[in-house]
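We just call them A, B, C and D in the order they show up, numbering each chain from 1.
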Amino acid sequence: MIFRDNKGTSYNKIAGQSVRRLGSLSDCVFSVAMTLLVLDLHVPVNAITHSEGDIWRVLVALVPKIGMFAMSFLTLGIYWTGQQTQLNHFRRGDRNLTWIHITFLFAVSIMPFSTKFLAEFITYRTAFVVYWVNLFALSTLLYVSWTYATKHGLLKANVPEGLDAAIKKRVMFALVLLAFGVLLSVINTYWSLGFILLIQLNYAIAPRFSHWLG
Amino acid sequence: MIFRDNKGTSYNKIAGQSVRRLGSLSDCVFSVAMTLLVLDLHVPVNAITHSEGDIWRVLVALVPKIGMFAMSFLTLGIYWTGQQTQLNHFRRGDRNLTWIHITFLFAVSIMPFSTKFLAEFITYRTAFVVYWVNLFALSTLLYVSWTYATKHGLLKANVPEGLDAAIKKRVMFALVLLAFGVLLSVINTYWSLGFILLIQLNYAIAPRFSHWLG
Amino acid sequence: MIFRDNKGTSYNKIAGQSVRRLGSLSDCVFSVAMTLLVLDLHVPVNAITHSEGDIWRVLVALVPKIGMFAMSFLTLGIYWTGQQTQLNHFRRGDRNLTWIHITFLFAVSIMPFSTKFLAEFITYRTAFVVYWVNLFALSTLLYVSWTYATKHGLLKANVPEGLDAAIKKRVMFALVLLAFGVLLSVINTYWSLGFILLIQLNYAIAPRFSHWLG
Amino acid sequence: MIFRDNKGTSYNKIAGQSVRRLGSLSDCVFSVAMTLLVLDLHVPVNAITHSEGDIWRVLVALVPKIGMFAMSFLTLGIYWTGQQTQLNHFRRGDRNLTWIHITFLFAVSIMPFSTKFLAEFITYRTAFVVYWVNLFALSTLLYVSWTYATKHGLLKANVPEGLDAAIKKRVMFALVLLAFGVLLSVINTYWSLGFILLIQLNYAIAPRFSHWLG
């Protein structure tokens, strides 16, 4: 539906607006997916609570769910940052790019489910595979989005030199780490979980290290 | 509430902003409607799960719901793309156009319900009719929106030649296909479901074919 | 927190951004409030459904909830249009204006509850009073917002002549109609409901008539 | 992922867009968190209601939940205003700033839970500590955000003199008041609750007084 021509200025504006609305839809989908899990933090109304100690135990019992919530939030935060970096460098979109990102948003919105599923069946490999498949889909779709945009001239003129290589390396590196994590879960699911958390924290709070590696 | 006058520049800006906010409201309504269905993907906490096989069966039992979720997401993605293409070409809005789109958003937000209803009663024609009525309303409202905007001079000056015909043909074509799908459900509801999925996938991933036909 | 000075250009930009973000928050709150009620449209999974007739009865049983959903959507659509018309004419915001609108958004987000409460206890005056109080708060806050903005020079320079009078008249007229509706509920709650629906439909689809009256 | 160079204009635009999308994500997360609590306002369908008096009692029974909803809305409104004031003065973002704000948004999205927890166990100190920790995290993260942006030159050129001191004083003052509130809860939880409500109302509706103090 986005028409491509060489008329220049006026058209770029329309296309730019299209990237803007894709960003706007993404912000909303991400934020609903991020916030939705708080609905699972039910306060047990009927719990027998007669003392501070009882309340404390109620709270402690909620810790795994809060942790799961935090982990899902962290993961979605990483992919939000990754996607918006790409969108910031797109001059315009087209129909295919739009659908790559709508598919990406589907993977985003199913994340709360994968996380809940993993939290429920933490010791089972099947739950891990579901979670890894979700992360794998997110990473792959970001890679496809960038490759497609590069090939079809959708990037802005002023994209910094080396950004293309940096983004590709980064996604590839993540995919290799994720694959290693899956193999690890064959041996021990807790090690696998610890490993993925380390990767994610690295992506979120230690960009320099990941820069150095990737 | 939007006043029409011939003062030009300053007014266009206000009206443009109004189209922007309509787009912004739409992005939010779409994303809430798209993401909401994930709440139905309950992880069965009390299920008897002692082995990987049990978890696997739990997952398999969720597949229809995940499919329903994907289908609803896909459908809303199609209409989001269709609506934003129109909004990108509107120079300004007016009160009637705003209400056409608020009605459109109502049809969007009821989509999760229609999809659930269909998934629950997949073998019954009534469930199909509800679903088709919803799709029909979405398509018709987009058609009304475009016709109204064209008639009342709300389009931008630089709308590409042939866009008007292309948009109308496209919507009309969809309505004919949808009507055929309804008739098909009289014979067999599964055939009808397969047919609608084919139409939707065509709209989402095979724009060239639909271009060729429409 | 928004500082007022006479430095001109650069500051207006900041303030404009502030109005923009108020609009953006509003769009999200409105859309969540508008879409949330669809969660109440539960498909009765355990209902005994052996025939098309059974499904039809299930659907018919859902009609009041769908109607309630539509009514809430319609009402919020009216107030969204009213608020965005005001925001479009604000040159900048300030702290007080921000809080007038956050209070307005609270009234918006409680609307789904008022509507559900009314739908549940349709024959009782108390439910009506709750609903009317909510509408009254929404209208009054829009009036306060406009009066405040006018008094403190927050309007854009190019506000069309007569807009001030038109907005005030419109809100006042609505308040009078709402008050009449409350009195009507003393006699008969159904008449009162019909009356409010007529007012709302008039605001939504028949602007010319309301123009003529107000 | 945001590259820093001295190329000037074009780059600032990209970075500006990044702050814009951070604002857009924040608006959505805030509005979902703000509106979500309305889902807890269940209308008791099975309640025995034969008279206006019964309905009235149903409504009165909901008052604590409505109050809790209002309090959460108010609190989130305060932090939304605080955050947007900062974002309005950021020239561009970088990766660390993005993660400070994603962490901030996590604290925002957990607010509905903290509020529910407090409402449920209002007489217990543990519930208070949870609530205070949440508020403390929100205030601290806003402080960290501002300090970081100031140190790394992310502010716009035209930030009004004294804004830096004003923002820091304001946050510090809030932290001291919050700490005092925690201590108060050791003596009496209701006094503590009353105290925090007073602080919040002061921040929301009496900016002049807080200006005078802070």
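Quick note on the criterion: contacts are C-beta pairs under 8 Å (C-beta built on N, C-alpha and C of every residue); 3 or more make two chains touch, one makes a residue touch a chain.
This is a predicted model, so every value here is computed, not measured.
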Of all other chains, the one whose Cα centre sits farthest from chain D: B
Same or different residue numbers at the chain C/chain D copy interface, by half rule: different
Geometric centre distance via CA averages, chain D-chain B, whole Å: 35
Centroid spacing, where centroids are CA-atom means, of chain A and chain B in whole angstrom: 25
Overlap residues in chain C, where contacts from two or more other chains coincide: 24, 27-28, 31-32, 36, 39
Partner chain C, residues of chain B touching it in the complex: 1-3, 5, 7, 10-11, 14, 17-18, 21, 24-25, 27-29, 32-33, 36, 39, 95-96, 98-99, 102, 105-106, 109-110, 112-113, 116-117, 120-121, 124-127, 130
Chain A residues within the chain D interface of the complex: 23-24, 27-28, 30-32, 34-36, 38-39, 41, 43, 45, 49, 52, 55-56, 58-59, 66, 69-70, 73, 77, 80-82, 84-85, 87-89, 156, 158, 160, 163, 204-205, 207
